[in-house]
Amino acid sequence: MSNVSISEVTKNGLWTNNPALVQLLGLCPLLAVTGTVVNALGLGLATMMVLIGSNIIVSLIRHHVSDAVRLPVFVIIIATFVTCAELIMKAFTYELYQILGIFIPLIVTNCAILGRAEAFASKQSVGMAALDGFMMGLGFLMVLVCLGAVRELLGQGTLLADMQLLFGPIANSWTLRPFGEGYSFLIAILPPGAFLVMGFLMAIKNAIDWQIKLKAEAHKPAPIKGAKRIRTTGHIS
Amino acid sequence: MRQTWVTPGGVHPPENKLQSLTQPIGSLPIPDKLVVPLGQHIGAPAIACVSVGDKVLKGQKIADPAGTVSAAIHAPTSGIISAIESRPVAHSSGMDALCVEITSDGDDKWIEKSGISDFEHTSAKALLSIITEAGIAGMGGAGFPTAVKLNPGFQRPIDTLIINATECEPYITADDSLIRERAEEIIEGIGILSHILGNPHNILIGIEDNKPEAIEALAPHTQDTGINVVSFPTKYPSGGEKQLIYILTGKELPSGQIPADIGMVCVNIGTTHAIKRAVVDGEPLVSRVTTMTGEACEINRNYDVLIGTPVEHMLEHNNFDAQSCSRVIMGGPMMGFSLTSKQIPIVKTTNCILAPSVEEIPHNEPAQPCIRCGMCAEACPVSLLPQQLLWYSQAEDHERLEAHNLFDCIECGACSYVCPSNIPLVQHYRSSKSDIKKAQEEKVKSTQARERFEFRQQRIELAEKEREAKRAARREAAQQAQASTGTDAMADIIAAAQARAAAKTTSPEQELAKLQRAVSSAEMRVEKAQVKLDAALENAEPTEKINILSAALSGAQQKLEKAKVRFAEHPN
Amino acid sequence: MQEVAVILVSSVLINNYVLVQFLGLCPFMGVSKKLESAIGMSAATTFVLTLTAMVSYVIDRAVLIPLDLEYLRTISFIMVIAAVVQFTKMFIEKTSPLLYRVLGVFLPLITTNCAVLGVALQNAAKPLSFAHASLYGFGAGAGFSLVLILFSAMRERLAAADIPQPFEGAAIAMITAGLMSLAFMGFGGLV
Amino acid sequence: MLDFVIQQPIIAALVALSGLGILFGALLGFAAEKFKIEGDPVIDQIDQLLPQTQCGQCGFPGCRPYAQSIADGDEINKCPPGGQSTINSIASLLDVPAPELDQEHGQEEEVKSVAFIREDECIGCTKCIQACPVDAILGAAKLMHTVIADECTGCDLCVEPCPVDCIDMLPLDVGIKQWQWPSPPLPNGLIASDKTYISLNHEDAA
Amino acid sequence: MAFKQVSSPHAHGAQNTAKVMQLVVWATIPGLIALTWHFGWGSFINVILASITAVVSEALILKMRRRPVGFYLGDYSAVVTAVLLGLALPPLCPWWVVVVGTLFSVVIAKQLFGGLGYNPFNPAMVGYVVVLISFPIEMTTWVAPLALLPDGITHPDFLESLKLVFFSTSPMDGVTGATPLDSFKHAAGLTVDQIYQQDSLFSQAMFAGVGWEWVNLGFLVGGIVLLGSRVFTWHGPVAMLVTLALMSLIFWDSGSSQSPGSPLMHLFSGASMMGAFFILTDPVSSAVSNRGRLIYGALIGILVYIIRAWGNYPDAVAFAILLANFTAPFIDNYTLPRTYGHTDRRKATERLEDK
Amino acid sequence: MIFKSMGKNSTLLAVFALITALILASTDRLTEDRIAQSERLAAQKALFEIIPLDLHNNDLLLDIHAIPEKYWNMLGLKSGGDVHIARLDGLPVAAIIPSVTPKGYSGDIAMIVGVNFDGSVAGVRVVEHKETPGLGDKVDLRKSDWILGFNGKSLKNPEPNAWNVKKEQGEFDQFTGATITPRAVVHQIAKTLEYFNQDKQRLLNELSSAYNQLSGTDQSFSEQQVQ
């Protein structure tokens, strides 16, 4: 565990061990706030910040906490970051804060964060931990935005609507309407749509993985069968 | 009229019984060769007590029962034992099993018969031994040795004797015609059974109401005998032992128990007839009544067939048309099994040979998915949920299967019969049952293996510890000795130890011989591997296998190299 | 009495925490493969939910509000949850080893169940009495249990289904959950 | 005092949070001491599922050490004698996806086999006895050896040590008693594209 | 060919899945006739359009899944789904509503779960609810029954209807109106008697609502035919209808302005009969044992009433059935019949060690 | 042993909690003002939309007057509410009145109705509703600007009996496929205007007394004056 490569961490976070698609963690915000891209982006960024921050701090203090209170300490660290994020969003993007509502404080219980703190940051150097936080956060953010984009597009026929909530007035005119006015397919933005679209995203990932695996298998040399056998009955004199 | 009870479920397939009832029970010419399997019953196969070349008479014992749950086998006709070897036998697997082949001499000469006329004054024990010796095993289907069944021993007293004359399977009329023609003998057989069982209160003959002639035939003989002939509405599978018990008595046989546990015994009518023949006439079980029917045969009738007659012989005598036949079935269309070879012989449990045309019983349609319509559950006579069993059987969920009472399924096939999706449900259940049994056996075996392994490890550990202790003791002694006698003693001890070690090492010659052996054995291995590989290559076996073999070969070659090197390195 | 019924119906069915409010989805997806574990998880979660709803209510009203520290809700509640979960684990282990065998493995997972923190936070945002706050906690737990148990029974059934390869596993579970939440939309407008 | 605290928001926060911290710290400390983790029952459960062939193909000296290693997070696809069904049941126990058997550890054999010693060639060296993990070989020095077929797990560990190569692994034969109906093909196993075609094919295969 | 290994039983009964499915399709005809008679050609067009979509999409998916297309299409289940969905959709709704609904039914609710026999939810109802939620305007615009159209106006003829379905951009005016359940629900403040007098939907009806009573009777007849041919058992439908009647009796409130309506109205309005005989009887997604089906049916009856009386949706059969589908596997686990030779009913979850 | 562990862990957690509290408290201090401002802005947003800033210059959130209980029923209020008054340089411009109709398709629809002191509608916003998405929810400005159609209407324009949807011979559009929701909203707005007519005098009195107290003048607002 002690030496992992940068590319591995990147690949893990973005694809092979993607917190949302593979580990199925942080599903609540993932499904609840992805009605539009802007919501997804807002929450994704907040989560990413918390993830990076907590990973760094956990990595810094990893040698100083005992086992008994390790988890509570991690939880406190995460909660601190979340509260800070909450306060900042409240101050600067109040309307978005209101839309995301309870899901900002709930970043605390996003198991992906605690999971990373526990499984990675508490065993790695600060730099790696920060990178891991960033990549995992980015992986999560990507899925959130994907989901948000698909749902927004299918559901109300827009893309990048209401971006001003996050980026201020310059974003007022960003909204795209590929299907023209008046289009709506409500189920996509209602709860069932969240699950369905997520299911399809996962299936797409599975299909891609399957293709990759097929390709890889075609190139892989056949394993040497039985190469790893040992004797159970020890030395025979 | 006695009260009868109604079982749940059941089906009404077309009966098709009339075809084979137009003529009385007939007989076939004796075939040239008869093949008598040694395992025709449940339990251990009998052990042949004749050898090839022996001359036997009809009714002469050719195999002894092996243990309590087994039955003797007798020569069905007189002739010469021409072979004792594996042949295809009457079994769903179509596999071979040990059989005795008799080349008939055409005389059909009986051994000397010694019957008992007054069985009422013979002890039950003696009668049971006659039945055992006569090789009688249940002729209703399962082939359970009848003497064992009739000897519940110190268990509960039997108060109900049920004679199974239901014959609920379509097409089959063997029991029906037997009753019509030999009712008197049957009643006598029942008398013997009753005597053996200590005259139970109730003696019931259960028979479906589609056999009025048989009921009629029994009537004059049962008057004032205390034997009740109970008829009940026709429905498949009323003839199942459990179903019949419920129909006749309203009692259910608790799961996992046998009828004797609730004071009942259930015997097939054919078995009863065979018991009469064995006891009164002194004839062991060498023939039985079997129905030959189906549109692919010109003649449909019942025959008194010698056990061991190849099916081919029967088919030929009835002008079998292989082209129009969809499959040849031993038993009825619901529970019988299809035959994979014409050579398979008739056995004690064969009540029917059915050769239907393709129109009668078409080829199986491919199965469609289960739509959970529940028709199967409606048809199941033991109130299972066949569709759930199917589901869990596909999912290989053994726990759920057992919770759904898979092992109470009597494999009657009513569910498959009604299934609109043509699913071979029964086959699924059979396969799952075997899987579960196998898994259980493996579990037991693996537990044993674990225990043995752990025991071995403990033993080794213990031995190690002992050795360690001894060594420690020795060291201590040495130290003490050193303390007292100084370095000299120590040197002595070391010298002694070295001497022991030297003695232990093998002499160079021995060493050389060992190495030589190693080389030659490695050579042998290489050779063997090469042969195998060549053979595989020649037969164009799958590359996988070839890979394995070539890996084995190269392994052996390496070993050989090593052995050679060691041999070469040896000083001599 | 009627109020109790209304709170229960609304938190169990109409505003179901899992399918309508999207809380507690990770255990919902993660612990629903086997009915048995789903039942264990349900019991443990309901218990913890009710208890944390009570304790966090007390802390909120007795400490945070008087001191004007509402912004510390998240952190104090999560501490409450962590402690209650630990405490429950300890308590069950001591009093009923049998129950512990059933529930033990699920308890740590509850700390990161959003529904637990979600209920505490939602309760804090509403003017509620202590009894109602506890009832909301219990109702949330009951709603969670209901759908988790039904869902796991359904997933067990799906185990033998002939699902297209890319959809096997979590993907089809998601879609099933989607159809379930579709069904739950039927409860809209009740109460 | 209380007034003072209420007046000073920062101090209030400090007091409240550290108060909670102390409280929960004490609670957890108490729990940590009072309830230490005991042995892991899951090892036993995994061990129960392994076939106990004790062959070492997994790379561990026996099944239990492998069970231990699985409990510590090792891959579950290393046991060839157990094959896919063992992998599946461990996967369902641990609630993880079931991988395929790792070929590098060996292959699942279709039929189980047992060791058989060609007794006339045996020189009584006792090496196979030492090799057998389950004590399934009988014999004494310089005397002929035999395998107790019932107790042999088919691990083939005894084959290699034999100096005269007199041990064969014979497949257990499938007699009429062992025969079982194969599970019928699932409806979705059809690959042809036409009903009549299938039914013909089906018959041919049968 | 005569000697081969086949598992018993060798005989097979006359029933087969395709026949069962075809029978279900035929049995919807009385209902379809009643619908067409009272509401015009719309339902007929829906059924045809849905069937074509269903068959084509099922074929495509099967092709993608590399399954024998002919073999699976031959079971007619896609047609049953499509016909039932077509009957449930509002007559003359735009074509894309039908197509989207059918695609959701066949592709998502059925084929993603493995096709016939594996879907846990009723495909037709999934399709219906999806379009109901997604296109509320189109889905709540019902054609008025023939008897209530103003003099001189009739339903559009077949070609006109086709034009409406395929080319109209806005729902047609003049011929639309509320359904009895809808209008009952929103006649706030009126007692039942007043509603029955003032609302022509009821005042001109024989016993439930104009047109609707006949549609329900039609489905009742079809359902009885199916029951008679043993396509399903009585347990589910009877349990549903009885609980629905009981619920409406209990909350009848003697016809006050708060009353959610009489048993007769509930039994013969909306999709009650179609739901009871054609939809909850879908064997694939319902409970399996008879006892399970009693519970399942009763649950649907209760849910239908609750949602009708107090929920957002005037008719609730689709939601109630989906909700009950959701509970079906759980019900199955605890309603095994008592097997011969056992004293107790077992639970499917019973573990071997517990014994 | 236990006490040692408890002590150690407590200290550890407490230290962490302390640091945390410090960080959080400072963040809170830093963002406090900004948050307060955002909250105010958000709360005012709907009010501002009805009465824009260039039409008033008082603090709408503070200028509130309780609605007498006898009108609660009329406005559909269950536990009362406040009228917000907008003034320009102290002179009242409009009143913003909370109002709820229970006759929505799926229950209550809550709105705020801005009424100019001349009795015309300054603006209406639906603040809470459960209407069917895609059908009844067009009363929400985010979905459709139907609600803007009320601006400038009063009980005289159109006539009171034309305060209805077109389908029932009124003046206002209904939505395609949904009549119940718009009808409920139209009726409720009419009712709110009626309330305003009835309660206006009382409000004006209250306002003038407050104004006089503040400015030290003695002025009574009359209808004419405000207009």
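Order of writing sets the chain letters: A, B, C, D, E and F. Residues in each chain are counted from 1.
Here is the rule we go by: a residue touches a chain if its C-beta (ideal position, glycine included) is under 8 Å from a C-beta of that chain, and two chains touch if they have at least 3 such contacts.
The structure presented is a predicted model; accordingly, all values stated were derived computationally and were not measured.
> Just to be sure I understand: going only through chains that touch, what's the smallest number of steps from chain B to chain E?
The least step count works out to 1.
> If you tally contacts for every chain pair, which pair is highest?
B-E
> Considering only mean CA positions as chain centres, point out the chain farthest from chain F.
The most remote chain is B.
> Just give me the whole-number Å value for how far the CA centre of chain C lies from that of chain D.
Spacing between the chain centres: roughly 35 Å.
> How far is the middle of chain A from the middle of chain F, if each middle is the mean of its Cα atoms, in Å?
Roughly 39 Å separates the two chain centres.
> Take the average of all CA coordinates in chain B, do the same for chain C, and state the distance between these two points in whole angstrom.
Each chain's C-alpha centroid was found; their separation is 55 Å.
> Return the distance between the CA-based centres of chain A and chain D, expressed in whole Å.
Centre-to-centre distance between chain A and chain D: 34 Å.
> Give me the residue numbers in chain B that touch at least two other chains, ranges are fine.
Each of 92-93, 364-366, 368-369, 394, 421, 424, 427, 430, 548 in chain B touches at least two other chains.
> Give me the residue numbers in chain E that touch at least two other chains, ranges are fine.
1, 4-7, 71, 108, 114-115, 118, 130, 133-136, 312, 332, 349
> What positions in chain F touch 2 or more of the other chains?
5, 8-9, 12-13, 16-17, 20-21, 24, 28, 106, 130, 133-134
> Which positions of chain F touch chain E when the two form their complex?
Going through chain F, the ones touching chain E are 103, 105-106, 130, 132-135, 175-178, 180.
> Provide the residue numbers of chain E that touch chain B in the complex, in ascending order.
Counting only chain E, the residues touching chain B are 1-13, 15-17, 19-20, 71, 75, 77, 114-118, 230-233, 283-284, 286, 288-290, 332, 336-343, 346-352.
> In the complex of these two chains, what residues of chain D are touching chain B?
Result: residues 47, 50-54, 62-64, 85, 107, 133-136, 151, 153, 163-165, 175-176, 179-188, 190, 195, 198-199, 202-203, 206 of chain D touch chain B.
> In the complex, go through chain A and note every residue touching chain F.
Chain A residues touching chain F: 65-66, 68-69, 72-73, 76-77, 79-80, 83-84, 87-88, 90-92, 94-95, 98, 184, 186, 190.
> Which residues of chain D touch chain F in their complex?
Touch list, chain D to chain F: 9-10, 13-14, 16-18, 20-26, 28-30, 32-34.
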